[in-house]
Amino acid sequence: MYKTQTAPMGWNSWDCYGAAVTEDIVRQNAAFMAEHLKQYGWEYITVDIQWAEPTAENHEYHPFTELCMDEYSRLIPAVNRFPSSADGKGFAPLAEYVHSLGLKFGIHIMRGIPRQAVHQNTPILGSTQTARQIAKTDSICHWNTDMYGVNPEAEGAKAYYDSLFTLYASWGVDFIKCDDIARELPHEETELILLSRSLQDCGRDMILSLSPGPALLEKAELYKQTSNMWRITDDFWDSWPQLYEMFDRAREWCIHAGNGCWPDADMLPIGPIKQDYDPSLSTEFTQDEQITMMSLWSIFRSPLIIGGEMTKFDDFTMGLITNEDILKMHRNARHSHPVWQKDIDGTEHILWTAVSSEGGQYAVIFNTGEQDSSVRIPLQDLEIYHPVHSTELWSGQTSEIAETINVSLKKHGAAVFYLN
Amino acid sequence: MYKTQTAPMGWNSWDCYGAAVTEDIVRQNAAFMAEHLKQYGWEYITVDIQWAEPTAENHEYHPFTELCMDEYSRLIPAVNRFPSSADGKGFAPLAEYVHSLGLKFGIHIMRGIPRQAVHQNTPILGSTQTARQIAKTDSICHWNTDMYGVNPEAEGAKAYYDSLFTLYASWGVDFIKCDDIARELPHEETELILLSRSLQDCGRDMILSLSPGPALLEKAELYKQTSNMWRITDDFWDSWPQLYEMFDRAREWCIHAGNGCWPDADMLPIGPIKQDYDPSLSTEFTQDEQITMMSLWSIFRSPLIIGGEMTKFDDFTMGLITNEDILKMHRNARHSHPVWQKDIDGTEHILWTAVSSEGGQYAVIFNTGEQDSSVRIPLQDLEIYHPVHSTELWSGQTSEIAETINVSLKKHGAAVFYLN
Amino acid sequence: MYKTQTAPMGWNSWDCYGAAVTEDIVRQNAAFMAEHLKQYGWEYITVDIQWAEPTAENHEYHPFTELCMDEYSRLIPAVNRFPSSADGKGFAPLAEYVHSLGLKFGIHIMRGIPRQAVHQNTPILGSTQTARQIAKTDSICHWNTDMYGVNPEAEGAKAYYDSLFTLYASWGVDFIKCDDIARELPHEETELILLSRSLQDCGRDMILSLSPGPALLEKAELYKQTSNMWRITDDFWDSWPQLYEMFDRAREWCIHAGNGCWPDADMLPIGPIKQDYDPSLSTEFTQDEQITMMSLWSIFRSPLIIGGEMTKFDDFTMGLITNEDILKMHRNARHSHPVWQKDIDGTEHILWTAVSSEGGQYAVIFNTGEQDSSVRIPLQDLEIYHPVHSTELWSGQTSEIAETINVSLKKHGAAVFYLN
Amino acid sequence: MYKTQTAPMGWNSWDCYGAAVTEDIVRQNAAFMAEHLKQYGWEYITVDIQWAEPTAENHEYHPFTELCMDEYSRLIPAVNRFPSSADGKGFAPLAEYVHSLGLKFGIHIMRGIPRQAVHQNTPILGSTQTARQIAKTDSICHWNTDMYGVNPEAEGAKAYYDSLFTLYASWGVDFIKCDDIARELPHEETELILLSRSLQDCGRDMILSLSPGPALLEKAELYKQTSNMWRITDDFWDSWPQLYEMFDRAREWCIHAGNGCWPDADMLPIGPIKQDYDPSLSTEFTQDEQITMMSLWSIFRSPLIIGGEMTKFDDFTMGLITNEDILKMHRNARHSHPVWQKDIDGTEHILWTAVSSEGGQYAVIFNTGEQDSSVRIPLQDLEIYHPVHSTELWSGQTSEIAETINVSLKKHGAAVFYLN
């Protein structure tokens, strides 16, 4: 199975354009990334859900609407939204453009086979079976009407998934975000295994990312054996309660990160988002909350997938995603885990630690309570029993620490220390 | 709301022909009932599931298959199976024939709107809305692919159900067996209420029968307010464990029977059944078990719906359904309930009682254990503190009882006493 | 097993005196009952919990306190509270007095063996085993520290319970209210069976009443086989929410009443109660609520056990418990059950019915909502399809009813009709 | 709070002597440890349950038996079993002896106050309240009758616990194994907090160890804030299913180990055990299983508490507990966690890793399946992307590894690699 040494970094169109992103927007964001972010490690450009839907307008789906499909029951890009896909070229031209920028190209898919293929009973490439014969009759997505699940026991089921990934490989796809699958276990477990096998058989290295969460902790080994990353929450948006809850999820999943397996805390809703509704909308997270989010995602080694419209990012947002020390922690952290969660100075704090693959140790202290605080963290809480040199990675401030880290924190804020 | 003083009695095509019954078979059974059973109170002739499916062969459904539908998203009979329905006449000619015999006519429907109507986005009679606009996107039947649920909040939803029952009334339908609804509460509760209201508004008296079970006991009042009968089990077949379990269900539901409200223990799988698979198949219940079933259904006042191919009934089976005293108990029993369930003579027994609307008291003793028995039932268990005259209704045997009913029972057998 | 044809009626000391009742009070209430209530069927006088505790003051228990006990590990009355029990006479003199009034005498006991017997390891009459050897080490009451459970498997366990009931029989006890047992199933099921067998072996007819509730519905047959009555709720006091909840419990249990088996809705907290705290306290139920309570208990055939200090009852309270027609319904109702529960006239109502053992039918309509109402009840809801003569039993008002009972009800009120 | 940098190592009397250990046995094992094991880091000698019970014989408890107690409701050693405790000296002489060997001394206690103190209502040192006033009436241990829980809200409760730990401190106790508490949360949470505070206030450094398990994962932070170690299982014995299950528990708890907080996998049932029943009994674990156990406990950093009779240990057992490299891993492992669990070569394997505080990385591979195996572990699974030097710590075998660790394993066996 294809594996990456570090968690994927990139951009995805959902947070800013929902189901309605267009080729122009994708190209603009890709160009921006290539120019401003590539050197920091950002590389994936992913077109999210319903690129086969010609009439998509925003984050809402049109139930039971007609999708663009080829003669083999496979969805293809809507030409009105992705003009370069005309003449049966699919996403190949767009992928080629992204590759030309030195970046990688990803697409969203839904588990299963289009309902319209099933109703029209269209052919499956490489099989004498037809769409109706491989559909699983009672397997539907609960929030979108595009697909039926595939019955993994059916003759033709593997041929269908093989035909999909062969097509995507021919387009030059590097990243598959597969939806309606991560939290559907154990019900759809065999379909996940089938789909993963087809992807691995297709002859091209692709990341397999599973959505939506929450993934099931008791299925951790299965996710690790079939995919590269899997969502540990339902859709994550710019609200503190969701961010606060991520600490619980990260604690439960942290031991499963590493070596090509990345529990996924979801996209970063930063900068301008929900542009399909109103171009003036942007994240409601405070700057401290964004620091907290970026610090937690990085020490936890979640994939980092930007959700905002990058071409309009302000300086703060650019600073957030181009801090070299933080991104180094994202690459080099090993064996990350929380140390404790407790009240200090009248407000709740959470301490995380990790070692660095280059030596030294990381410590991140989060103020998850509702008031600012001043905290003292004994080095022995980190099992350090000697003086260390400390660098706070957001401020760059350095100091020598004999026994205790002292730090002031804003409510919902964080500080990241590299100790060596 | 239309109500009947006694629980419906009739015949249904499912147990013997599954989804594949034809007009000929229905007519033959109707004629048989009119000649041999009508005088005992049997009157409903019901065509069960998928009469709109031209290729139906047996008890299996064809997933995603095309159904016969009119221009207003309403299913209509498949002409190849129901020839008299040609030229848009629907079930009117068949209903007319059944009525001409002095009987009543019923049909099966599924909750919701045909998937093909939704995908083709066909019109709704009496509304500017279309099929796609009233479908509930995540509401499907888990065992049949014909329909989507209807969103009761949608404009056009009531118009759709009104258009259905208006059509059925125009055909002369007397009995609606509505499927995929009884056990789908509370999820589909508002759709049930909407559907029931449309039926009551249609201007014709029709029985509304809800399937499949098990219905939810905590929703008893809702069933009573929206329907005439509701299934208290999943599909009932000719197996002793299912029959044994019915004692529990009948105990739980008995207080809800009466005045047009009939908890439904499902069809009687007697005589030749599953004729679509093999004409030589018939019920696997022993004669004692059939006596037990008929005795329980009757004192509990379940609807009595024959499931077998009536034209081939043998003498035993005919005797089972034409015992006038038993059928009188089915009509006259009031306030029925179990008295106790305990081991006697090394095997389990269950005692039921009811009063008769004509005076006197019924007592039914069931041997639900695994060996024959000889039991003595003190009259005081029935709160009778004086001598009574007793008639056992299956044998006709009479006696005077001072203090104790003495009776021998076969395993899985029953005896029914009328005491006065 | 000893059984009564009608549910027990009597008085119990708990509601008015808690753990602290004295012989004087018992004698006064017995005398009052004999003079004023005996002719209506009231007969049991029961001394509730902790008569062996010399220092009891009110409804609170003294944890781990020393109790009066004989040399065989059996509790005996505290002489300072029950002077006639001196010289080892136990309750015999008090029982004799109660019997002299033509009434019956009951006592409360706790399941198990006194903790002090276990710690002192005192003898068991009729066994070489001692208290410590028959105690069940992890079986305690969760609200009182007097006892350990008895291990039914232990040698000596049956001898212990035999010695208890032999003693009670020698005193002349007619009624045993056994506590800490009804809701302790299935854990303490074998202890219940053992205890019941000892009681039946003792040679004297005694009612066995099990507390506290809620009893477990799935154990209904066990209660019926081991006892005469069992509590279907936790302690019932004078609050409308508790009374309202009793409708659910009565619905679930109604089919199990009759022939010596009485699901028990608990004592009637009427008139002066909690006299141990303040002699000015009396029931907080409104008069309508008391009418509702008495009507429900009576048609449901719950035991009727007065909880208030009878000698201070006012006219309303006396009227409540001396209405001959209501008490006749309590004796004669058969096959009682609720008919429906629904909103009428903007407020909730519940309809119950029963037949009378003397012919005719009872119907009780309860307004369980929060406003007064005027309701019309079609006779057909009661499965009556002909005109009837009607008597409302609280007012005595009679009428001829063609099709519909019309009645005005206060919120939380009730009307009781005898129809013939 | 007193904390140790490494997880405690020692011996406990339970596995070999149950409730019946004597002073002689303790002294012999202490002397053996001082001579043979002290240099490897083993140091605690703990007297387990019921040292106050004069008649204890084996692993069974005598219910409700009388215990040795001082005038302040505090249990004291039974002089017949611990002669040096005569004249009110308690465990002071024995502790002094253990200290004289360079070791530390521990005792077992039960949460709560002796039942006999409550029944006799004896005084509490430093309070005007008495035993009966601080007992929690419905708080008992479910497997032992010695104690009642203490009501933390009661006046006198803190004084009681203070008086206990003051006494233990005066004896020179270094380690408290507190029973009937770890899995009794949240019910007994406030009693745990109270007890922990008293221990910390007593002026002597003592380890607080909580039993029995399984501790509640959701209460991890509470255990960390109130104690040093807490049992993550019920009693662990020498059976493979229990050992196999420990992998799940260790996975869940691993992130909570370190800096004086030690999730406790329970004692090591090695060598001769259950000597109270039969001196010929010894562990039923195979040698491979003992290797697996010692490897898991060590990388997980569980406390290591020997359960067997040490003076009779054979060479294999001595080798198991004196492997300097394994014990170094137990001291130096940091951030330990499982990497994966999957089938290889037809049998299940589990891989754990940890970093060493001295540099380098540990990897432990377990064969948890039912057949021997030969496995290849890519270094990249450990996130090592360069060649390393490897030492297998049980065999001492070294090698240079370019990409893959190759190892043969017996079923239920393990290999431990130090990679640097």
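For clarity, chains are labelled A, B, C and D in written order, and residue numbers in each chain start from 1.
Operating definition for what follows: contacts are C-beta pairs under 8 Å (C-beta built on N, C-alpha and C of every residue); 3 or more make two chains touch, one makes a residue touch a chain.
Molecules present, by chain and UniProt name: A, B, C, D = Alpha-galactosidase.
Just so it is clear, the model here is predicted, and its values are computed rather than measured.
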| item | value |
| --- | --- |
| Any chain that touches chain D (Alpha-galactosidase) and chain A (Alpha-galactosidase) | none |
| Mean-CA-position distance for chain C (Alpha-galactosidase) and chain B (Alpha-galactosidase) (Å) | 42 |
| Rounded Å distance between chain A (Alpha-galactosidase) and chain C (Alpha-galactosidase), as computed from the means of their C-alpha atoms | 64 |
| Between chain D (Alpha-galactosidase) and chain C (Alpha-galactosidase), distance of the C-alpha-averaged centres to the nearest whole Å | 52 |
| Multi-partner residues of chain D (Alpha-galactosidase) (at least 2 other chains) | none |
| Topology of the chain contact graph, where touching chains are joined (line, ring, star, complete, other) | ring |
| Chain B (Alpha-galactosidase)-facing residues of chain A (Alpha-galactosidase), complex | 63-64, 115-116, 118-119, 121, 132, 135, 137-138, 140-145 |
| Contact footprint of chain A (Alpha-galactosidase) on chain D (Alpha-galactosidase) as seen in their complex | 3, 5, 221, 224-225, 251, 254-255, 258-259, 334-335, 337-342, 353-355, 357, 380-383, 385 |
